[in-house]
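Take a look at the structure below.
We just call them A, B, C and D in the order they show up, numbering each chain from 1.
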Amino acid sequence: MSLNFISFLNLSKNLGAMASQSRRDLLHEIIFEADTPTGKLFDVVLLLLIILSVFVVMLESVNNFPLKVYDYFHVLEWAFTIIFTIEYILRLYAVRKPMKYALSFFGVIDLLAILPTYISLFLAGSHYLLIIRALRLLRVFRVFKLGQYLNAGNVIMASLKASRSKISVFLFFILLSVMIIGALMYLVEGGTNEGFSSIPKSIYWAIVTLTTVGFGDITPQTGLGQFLSAAVMILGYAVIAVPTGIVSAEFIRGDSGHKMLQNNTQSCRYCGKEGHDDDATYCKYCGEKLDAD
Amino acid sequence: MSLNFISFLNLSKNLGAMASQSRRDLLHEIIFEADTPTGKLFDVVLLLLIILSVFVVMLESVNNFPLKVYDYFHVLEWAFTIIFTIEYILRLYAVRKPMKYALSFFGVIDLLAILPTYISLFLAGSHYLLIIRALRLLRVFRVFKLGQYLNAGNVIMASLKASRSKISVFLFFILLSVMIIGALMYLVEGGTNEGFSSIPKSIYWAIVTLTTVGFGDITPQTGLGQFLSAAVMILGYAVIAVPTGIVSAEFIRGDSGHKMLQNNTQSCRYCGKEGHDDDATYCKYCGEKLDAD
Amino acid sequence: MSLNFISFLNLSKNLGAMASQSRRDLLHEIIFEADTPTGKLFDVVLLLLIILSVFVVMLESVNNFPLKVYDYFHVLEWAFTIIFTIEYILRLYAVRKPMKYALSFFGVIDLLAILPTYISLFLAGSHYLLIIRALRLLRVFRVFKLGQYLNAGNVIMASLKASRSKISVFLFFILLSVMIIGALMYLVEGGTNEGFSSIPKSIYWAIVTLTTVGFGDITPQTGLGQFLSAAVMILGYAVIAVPTGIVSAEFIRGDSGHKMLQNNTQSCRYCGKEGHDDDATYCKYCGEKLDAD
Amino acid sequence: MSLNFISFLNLSKNLGAMASQSRRDLLHEIIFEADTPTGKLFDVVLLLLIILSVFVVMLESVNNFPLKVYDYFHVLEWAFTIIFTIEYILRLYAVRKPMKYALSFFGVIDLLAILPTYISLFLAGSHYLLIIRALRLLRVFRVFKLGQYLNAGNVIMASLKASRSKISVFLFFILLSVMIIGALMYLVEGGTNEGFSSIPKSIYWAIVTLTTVGFGDITPQTGLGQFLSAAVMILGYAVIAVPTGIVSAEFIRGDSGHKMLQNNTQSCRYCGKEGHDDDATYCKYCGEKLDAD
C-alpha cells in the first residue's frame, strides 16, 4: 500500500516535472515501458482493469443475477471502455510514429478492445466481443519481465512456423478426406438417420470423429455406417500421430540446433570468429592455430 | 482482368498457330502444364470450376432451399460434368500415351469425377459421389508451384511409408484387442444394455472407446462394465502413444537423414579429412586452405 | 487349385511314407512348420478356419437372422471346436515336450480357443469367449514369413518394455489422481446429479474425462462442477503428452541404438573385436593399430 | 503367517529392549524405515490399512447396500482414523524435528488423511475427502525398494519441470483462445441453443472441444455454429501436437543428457585425450594403455 502511495507521489512529482521535460517522452515511459516504478504501476493497474473488465463481460452473459445487477454491469462496462479509450488516445499521442503503433499487433488489439462497446449502441449483443480484451493480457510477459516464458513462447512459435508447410499439407489432406468420408456417410446413413441429413452435416460429423472429439450428437445407426465409422476412427488413430510427429521432430531439431550454437565458445586469436567445432585445431576461417582448450 | 484478356488473346493466337504447330503438343502444354500464361489460366479456371462443382454437390444435399433451386443445381451439375468430360477427352487426345494417363492416379480421379453423374441416370443418389472431384484439387500444388508444400507432403508420405510395417502390426494388435474387448463387454453388458446387443456392436463400441473418440451413443451401465471400460481407456492411454511414437521417431530420423545429405562433401587437399562446415575456408584439422567451392 | 491338389498328393505320399519315417517328426513338420508345401497348406487352411470360426461366433450374437440360421451356427461352432480339438491333441502328440508346448503362449491360446464350447454345455453364453480364437491369427506372421512385420512387432514390444517402469509410475499417478478428482466431483455434483451418485461412478467419469474419451453419459451440471471439469481437462491436455513422450523417446533411442550397432564394422586384426568408434586409430581393447580405412 | 509371528516376537523383544535403548530411535526405525523386518511389517500393514480404508470410503458413497452395512462402514472409518491418528502422533514423537516432518509432503498428507473424519462431526459429507489417504500409497515405492520406479518417476518429473515454462505459455494461449472461441460461440448459438446460454458455459464447451474430450452435453445446432466448431476442432488437431512435442523433446533430451553423464571421464596418460568408452583398455587415439578404472 505504502509503495503504491510512494509511486503515486512519484507520479505527482513527475507530472510537475513535465513542464521542463518532454511530456510525450515521459508519457511514453509510463505507458509503454515497465522499467520505472510509475511505468510498472501503470501496467499492473492496467492488467487488473483488463481482468476485471473481461470478468464483467463474462458475468453479463449469465442470466442468474437480479435485474439491477445488469445495470451495474452496464455502467462498469462503459467506465472500462472510456478508461481504455483515453489510454488508447494517450498511446497514440505518446508514441513517435502513431500509425506504426496503430497498425502493430497490440495497437490493433487495443482498438478492437474498445470498439465493441460503441458498436453495441447500434448493434445489440456485439459488446460481448469485448472479450477480445483478454488478448491485451499478453502484455503480462513484458510487464513482469517473464523472459523465460517469452523465450518459451518464441520456441513454440518457431517450431510451429518451421512445421507450417507440413501442417498445412496435412490439414489439406484431412479436409479432402473428411469431404469424401462425409459424402460416403451421407449416402449410407442419410436416408434413415436424422443426423446425416446433408453432406455438410456429414462432413461436420467426419471432422468430429477424425479429431477424436466425438460429441455423439450425430452417430451412425446402420451396421454399414458403424463399420465405416470404425474404419474412419482406426484411420484417425494412425493419422493423429502425424501432426504430433511433425511438431515433435521440430521441437527436437530446435533443441539440438540451440545446443549446437552453445557448443563451443572458442574464438580465434587472429580473426576473432567463433563457431568452431569441438575437435578443431585450426581456425576454419583464417587457418590460425586455435588455443589448446 | 487485363491479364486474363491478354491470356485470352494468346489463346486465340495460339489456336491460329495450331495449323503449323503440332496441335496435340500445344494442347498438352495448355492442359497438362502450368508454365505458360495460357496453361496457368486453364488450370486456375479448372480449379475454380472444381471448387464450384463440389460446392454445388454439397448444397444439393441440403434440404433447406426452395424447390426451384434444386433445378438450377441439377443444370449446373450436368454443365460441370459435360465440361469435365470434354476436358477428360482432350487430355486423352493430347497425351502421347493415353493408357498411361488413364491408369495414373490423376487419370483415375479425373474419370471418377465424371462417372457418378452418368451413373445417377440409372442409380438415384449416386451423383453425391461427385464429391470425389475434391481430389482433383491436389493439382493445386503443381499449378501454383508450391514446391515447399509438395516437398512437405513427400516428407510426410516418406515417414508414413517408413513406419508402415510398424503401424500395420500395431493396427493388427488393436483389431485383435477390440475383438476380445468387444466379446467381453457383450458378455457383461449384453443382457441388460441395448447398446451391447451383439458382438459386432460391442466391437464398434470398443473401437470408439480405444481411439478416445467416445461418442457416448453406447455406454456401459453396470458397475462391472464401467470398471472394464475404465481399464480399456487407461490401456488406450498408453496405447495411443505407440503410433505417435512410431511416426515421431520416423520424422526425426527423416530430419537427421536430410541434414546428413546437406553435409559438406569437401575434403582437404592436404590431409584429406572431411566433415567441414559449409562456411569453412581452411581445413580444421591441418590448417590448409580449402578449395573454393 | 492344381497346387493344392499336388499338395494333397504329397500329403498322401507322406502318409504312406510314415511307416518308415518317424511319424511324429513328420506331423511336427506339417503342423508346427510352414516350410514345406504340406506344412504351408495346413497353416493356410487353419488360418481360414479360424477366421470363419470367429465370424460365426460374432454373427451368432446378432439377433437379426431367422431362427433356423442359429441352428447352422451351432453345428458349425461344434464342427470348428472338434477340428481344433483334434488339432490340439495332434500338436501335443507331435511335439517332443508336450508340457512345454501346452504352457507356451500359443499352447495356452490353442487350449482357450476350444474350451468355451465345452464349458457352454454347463454355462450358457460362455461360448462367446471363443472369440479368443482370433489370437491364433498371430501365427499369420510366421506362416507367411512376414519377417519385416515380426521385426516391427519386436521393436514395438521392446520400446514398450523399455518404457514399462515409466508407464507404470505414470499410470499409478493417474490412478491416484482420478480417485481424488472423483471424490471431489462426488462432493460437488453428487447431491444434484444422477451421474455422480457414488465415488466409484465419479472415478469412472474422471477416467473417461482424463483420457479424453468423453462419452458424455455423465456430465457436470453445476457451475462449480463444470469449472472443475475444465481444470481436469486442461490438466489432462498436458498429461496426455507424458506417455507419448515416454514412448517416442524410447522409439527414437531404439532407432539410434540400432544405428550405433551398424555404425562401424571394423574389426581388430589382432584381437578381432568390433565396436570401434569411427575416429578410432587404435583398437581400444588391445592397443593394436587398426586398418586405416 | 509364521514370519509375521516371528516379527511379532521380534516386536515384543524390541519393546522389552526399549528400556536400555533409545525408545524414540527404535520407533523411528520401525515407523519411518523399512530396512528391518519389524519396520517392513509395520509399513506393509500400514499400506494394507490405507487400501482398506480407501475402499471403505468409496463403498460408503454407494447407495446399493442395506442400511445396516453403513453402520459397519461408519465404525470402520472411525477405527481407521483412530489408528492413523495414533500413528501420526507416534511419527511426531519419534522424529527428531517434528515440525520438519509435519511440514514435509508426507507429513501434510498424513495429517490431511485423518482430519476429514473429525471435520465430518461438524460438516456432513466432508469425510469423503478421506480418499486423499490414497496419496499415502506413494510410500509403496520406498517400502518395497522399487528404486527403478522411483527413478522413472524422477525422470518424468524432471522432464515436466524442464518443460514447465513452455507448457505454461501454451496453457496461457489456450486459455485466451477458449475465452474468445467461447464468446464467439455464445454470439452465434446463444440465442437458440440452451447449451450456450452464457459465455462461461460456452468457454466450458470450448475447453471440452479443444481438448478433444467432446462430452456432447453441449453441441452446436446452427450451421454457422457447426462450421465454427469444425474449425476449432481442426485447429485443436494441430494444437494438441504442441504439448506432446514439448514433452517428447524433453524426454529425448533427458535421455541423451543421461547418456552423456554416464560417459567415461578417463583421459589418456600419454596423449591426454578423453571420450573413451567404458570398456576401453587402450587409448583409441594413441594406443597407450589406459589406467585401470
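The working rule: a contact is a pair of C-beta atoms (placed from the backbone, for glycine too) under 8 Å apart; a residue touches a chain by one contact, two chains touch by 3 or more.
Note that this is a predicted model, so its numbers are computed, not measured.
Enquirer: Over half shared numbers or under half: where do the identical copies chain C and chain D land at their interface, same or different?
Expert: The interface of chain C with chain D is built from mostly unshared positions.
Enquirer: For chain C and chain D, let me know how many angstrom lie between their CA-based centres, rounded off.
Expert: Comparing mean C-alpha positions, chain D is 30 Å from chain C.
Enquirer: Using mean CA coordinates as chain centres, what's the gap between chain A and chain C in Å?
Expert: Taking the mean C-alpha position of each chain, the two centres sit 43 Å apart.
Enquirer: If you look at chain A, which of its residues touch at least two other chains?
Expert: In chain A, residues 200, 203, 212-216, 240, 244, 246, 248, 252 touch at least two other chains, as defined above.
Enquirer: Linking chains that touch, what shape results: line, ring, star, complete or other?
Expert: complete
Enquirer: How about chain A: which of its residues touch chain B in the complex?
Expert: 165-166, 168-170, 173, 176, 179-180, 182-183, 186-187, 190, 197-200, 203, 209, 212-216, 219, 223, 226-227, 229-230, 233-234, 236-238, 240-242, 244-246, 248-249, 252-253, 275-277, 279-289
Enquirer: Touching residues of chain A toward chain C in the complex: what are they?
Expert: My answer: residues 212-216, 244, 248.
Enquirer: Once bound in the complex, which stretches of chain B touch chain A?
Expert: Listed in rising order, the residues are 54, 57-58, 61-63, 125-126, 128-129, 131-132, 134-135, 137-138, 148-149, 151-153, 155-156, 159-160, 167, 171, 174-175, 200-201, 203-204, 207-208, 211-217, 240, 243-244, 246-248, 250-252, 254-255, 276-277, 279-289.
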